[in-house]
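Same chain, two partners: chain A is paired with chain B first, then with chain C.
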Partner chain A sequence: MDKYFEMIRIRFLMMLAYRTNYYTGILIYSINIGAYYFLWSAIYGSKEHIVGLSMTQMTTYVAVSWMARAFYFNNLDREMAVEIMDGRVAIELIRPYNYLGMKTMQGLGEGVFRLFFFSAPGLIIVYFIFPIQFTWDPSVWGLFAISILLSFLINTELNLLTGITTFFLYNNSGLIRAKRVVIDLFSGLLLPISFFPGWAQEVMKFLPFQGISYFPSMIVTKGFSHHQALEAILQQFVWVILLFLPIQLLWYFAKKQLIIQGG
Partner chain B sequence: MENVMEVKDLRKEFKAYSSRTGLKGAFRDLLTRNYKVIPAVNDINFSVRKGEMVGYIGENGAGKSTTIKMLTGILTPTSGSIIVNGMNPHKEREKFVQTIGVVFGQRSQLWWDIAVQESFRLLKKVYKVSDADYNNHMGHVIRTLDIEPLLDKPVRKLSLGQRMRCELAAALIHNPPLLFLDEPTIGLDVLVKLKIRDFLKEINEKYQTTILLTTHDLSDIEALCERVILLDEGSVIYDGALKNLQEKWSEGKELKFQFLEKVDITAVKVLTSELPVKWELEEKEQVFTATVEDSGELISQVIAKVVAAYKIKDIKINETSTEEIIRNIYEKGAV
Partner chain C sequence: MFYISMFFQYISQYIKTRLQYRADIFVEFFSDLLSQAINLVFILVVFGHTDLLGGWSRDEIIFIYGFFLVPFAVFSAFFNIWDFNDRYIVKGELDRILTRPIHSLFQIILERIELEALLGAITGLAVMFYAGSRLGLEMHWYDPFLFIVFVIGGALVYGGVFVMIACISFWADARMSLMPMMYNISNYGRYPVNIYNKLIRFMLTWVLPFAFVGVYPAAFFLGKREWFWYSFLTPVIGVVFFVLSVRLWNQGVTKYRGAGN
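Now for the complex of A and B:
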């Protein structure tokens, strides 16, 4: 296990090596939160509630979902695609570790870095600028913590799955981009799932995406009751396990037909 | 002695796609693509004993790197069997790679953006090396390769030769009994090259490390390997002592003369007409080369005749170089 923790540390160091990326990241996220705040103010107008969420809850939802995104989001699919396309994956395969496990740990290192140096300070800044209300109930934050960890796992598994397709498709940048749009849209980042038409909500129940952003954000804005929150976490957990299977299967075939590019 | 590597009927085929010409061709390519199956490695057999240093050589595209990728468990063979360190590399990859070290000259295995010592630290954890072993073994490696001052620099700031020494050190962190080196001396200066050669010799003697080495610099092979395996278009065309190859293919000795005065080649030819000599003249430098059989008697006679007739500016006696021997073999495509 040691080696996997060491990898988290290395990723931390790598993030520190590129600090400027990190400052621009804060800026982009703040702009996004601001833009969505003004958009939703316009939509709410004088209305108190839309689909059970107050304007304050909505603002909190937007802030929390962007900050949570900083934690679960990573570019592992693109990194894998690059490593496979230029043949660097060969180096990964001469190491006594599990490639996908290591990739997950790199994603986690990146996520933890952003959580501490990005989301946490970001949330404090946003808290003073926009009318946001946080609960101080530790059980809610506890559930939130579990929930975003599961978000991270679901999102990472989807990334690994997309990344592995590079072995078969060779150039899958289109697929990677499509996946990103689908996740931003259907995860509830841009629009809470409860705002979707009824039939679409029904369809979403059978897809893993709402477990990425909608569930944790709803938990922290208290849009979910305690019971609903537990149910959501259970559902996330089931998806983490379900997604594990196709990854193992695809990985098995990928290794068989792997061709290393370049001498 | 036991075999650390046994390769039987090993084969790897690649699909080589070819594009059709023109717009119509491009559309047809979308549906079905033309391809040919090319055997990059064509049913090869060999085995390597513990402690051997083997030179694995061949022209560009002969299949050397492909073989190494199969031996290290990266690629799955199309057919054939490989047993290395008692394991099937591809099947038991994670356990197997713990027992080997690999350097790919054209690819870095250190993390680009972080200091060399951070990479080492991670690799130390990855290979589960104890602190005592690490300090003991790596301390020595770091001193011998002279990389102490490089350790706190990020890899992207190192020169090629500096990086390559660090790469070699990284491959040795777990002191593996078997080392694969794919062009480890590519682009290195003479001093670094010598340093790396000495170092490889040293670990080979000290730990009985088995080394399989590919390179296009035959002086590396001459300095390190008693045995060579010669590959041509995916097939092994020679496997044996380098010395035998030199003896068998050596084309005698070359005597190179330069004279103080202007000399005519036909005059020289007449001078030695009773002896079995082949003369050649290199016009620009006015170097006269006599190729003779490798016999002391004959060489003395040729030199005596020439020296008696003309004033000498320079004279050299050369053996056919390994480089020439290998070039001849490549050209013929057989031993």
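Now for the complex of A and C:
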């Protein structure tokens, strides 16, 4: 267990060392929040509510969902693809740890770093610029904390799954890109799932994506009741477990048919 | 003349190498198509809840998006320089470029060409025709010509801005990730600028003129008279920004000192 914690720490320190990326990152996220803020205020126009969300709630939703993304987002799929394609994965496999577990821990180290140095200050900055309202109810924030941890797990599992496909497809940069845009839309990052037409919402109930961004953001904006929030968290939890199975299965087959080129 | 023959030689070479890996082209095209589809879905879903966006209808917004795809495709095909810093400065590849007999920027553009990005223009045209027919827009004899001029103008705006950003790495050694930021800002230009506040509108028109890639030129074909003035400014802004960027590049190249061995 110690070595996994060490991995989180190392990633954390690595992120600290490359800070320029992180300053520009804050700017990128603020720009995105700004763009969607103006877009949404144009969409709301003179309307008070759209599907139960007020403009203030919507602004909060946008801000929180982008800042939460900083925590759960990582490039594990791309890192894995690179390691598999240039053969480094061979060395990773003989090391005395679980490769996928280690990748998850690296992602977590990155996420924790961004949570403290990116999301938290970012939210404060955004709070002063845009009309955002936060609740001060600690139980809401508690549920939110559990919920984004589960979002991280779901998103990481999807990344690992995409990463493993490199073993079979050799070049999956297209798939990685496609996965990213699909997640941006269907996770509720760009717009809340409740805005979609009814049939699309029904379909998305059977997909893991809304557990990534929609659930935690709705919890903080109080778009969900306490009961709904608990249900959402339960659903996220089920997905975390469900996604674990195909990963193990694919990983098993991947190791069997792995061919290292060069060396 | 030499430049033109170089251009075609690189293109024929490029096509040969790409046709080796046909599956890649297909996958890339498909993932591009998917991200365009997702942007369209966003517009469609949003207009399920409102009729007008800052005075623009759904089909008009779709038309703007379709137009935007065309100059963006041209830009992505010829200005694939988003990793300029890593590839040419940090790794010292620019040493090799500077020994070549043609202008260094032109050489880099030729090396990094990505013609399959032009497929995005077809999607863009299809989207435009779809939205245009729903809006009942009429084609005039001068429309295709103006369209080409505006597309070139828009692509030059993009090219100019991104070349200028790339130039920063001649002066600053630090690893900068400004490029993704620019991609994000450029998304602003896809929506009507009148929904933004004055400061952002000013920025998008004169500082980082991404509005000239989407909404301004598209407004001409939509017959929005109040924006015509801006529409016709598109090629001017494009040329001005591109010339400025080349000048900056020429300045910057003299500052390049190599990256050791």
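To be clear about the criterion, the second predicted complex is superposed on the first by the 263 of 263 C-alpha atoms of A that agree within 3 Å, B and C clash if a C-alpha of one lies under 4 Å from a C-alpha of the other, contacts with A are read in each partner's own complex, and residues count from 1 in each chain.
The definition used in the following text is that a contact is a pair of C-beta atoms (placed from the backbone, for glycine too) under 8 Å apart; a residue touches a chain by one contact, two chains touch by 3 or more.
All figures in this text were calculated on a predicted structure; none of them were measured in a lab.
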Overlay on chain A: chain C relative to chain B, clash or fit: fit
Touched partner set for A:K3, first chain B, second chain C, both or neither: first
Contacts of A:A90 with chain B and chain C, given as first, second, both or neither: first
Contacts of A:L258 with chain B and chain C, given as first, second, both or neither: first
Contacts of A:L245 with chain B and chain C, given as first, second, both or neither: neither
First (chain B), second (chain C), both or neither touched by A:I124: neither
Chain A residues touched by each partner, larger count belonging to chain B or chain C: C
Chain B versus chain C as contact partner of A:Y18, first or second or both or neither: both
Superposed arrangement (fit on chain A Cα atoms) - minimum chain B/chain C Cα distance in Å: 6
Footprint overlap on chain A, where chain B in one structure and chain C in the other make contact: 18
Touch list for chain A against partner chain B, complex: 2-3, 6-7, 10, 13-14, 17-18, 87-88, 90-91, 93-98, 255-260, 262-263
Residues on chain B engaged by chain A in the complex (per definition of touch): 14, 65, 69, 72-76, 93-95, 97-98, 100, 102, 104, 106-109, 111, 113-114, 118, 121-122, 125-128, 154, 182
Chain C partner contacts - residues on chain A that touch it in the complex: 18, 20-21, 24-25, 27-28, 31-32, 34-35, 38-39, 41-45, 47, 50-51, 171, 173-175, 177-178, 181-182, 184-185, 190-191, 195-197
Contact footprint of chain A on chain C as seen in their complex: 24, 27-28, 30-31, 34-35, 38, 41-42, 45-46, 48-50, 52-54, 174-178, 180-181, 184-185, 187-188, 191, 195-197, 200
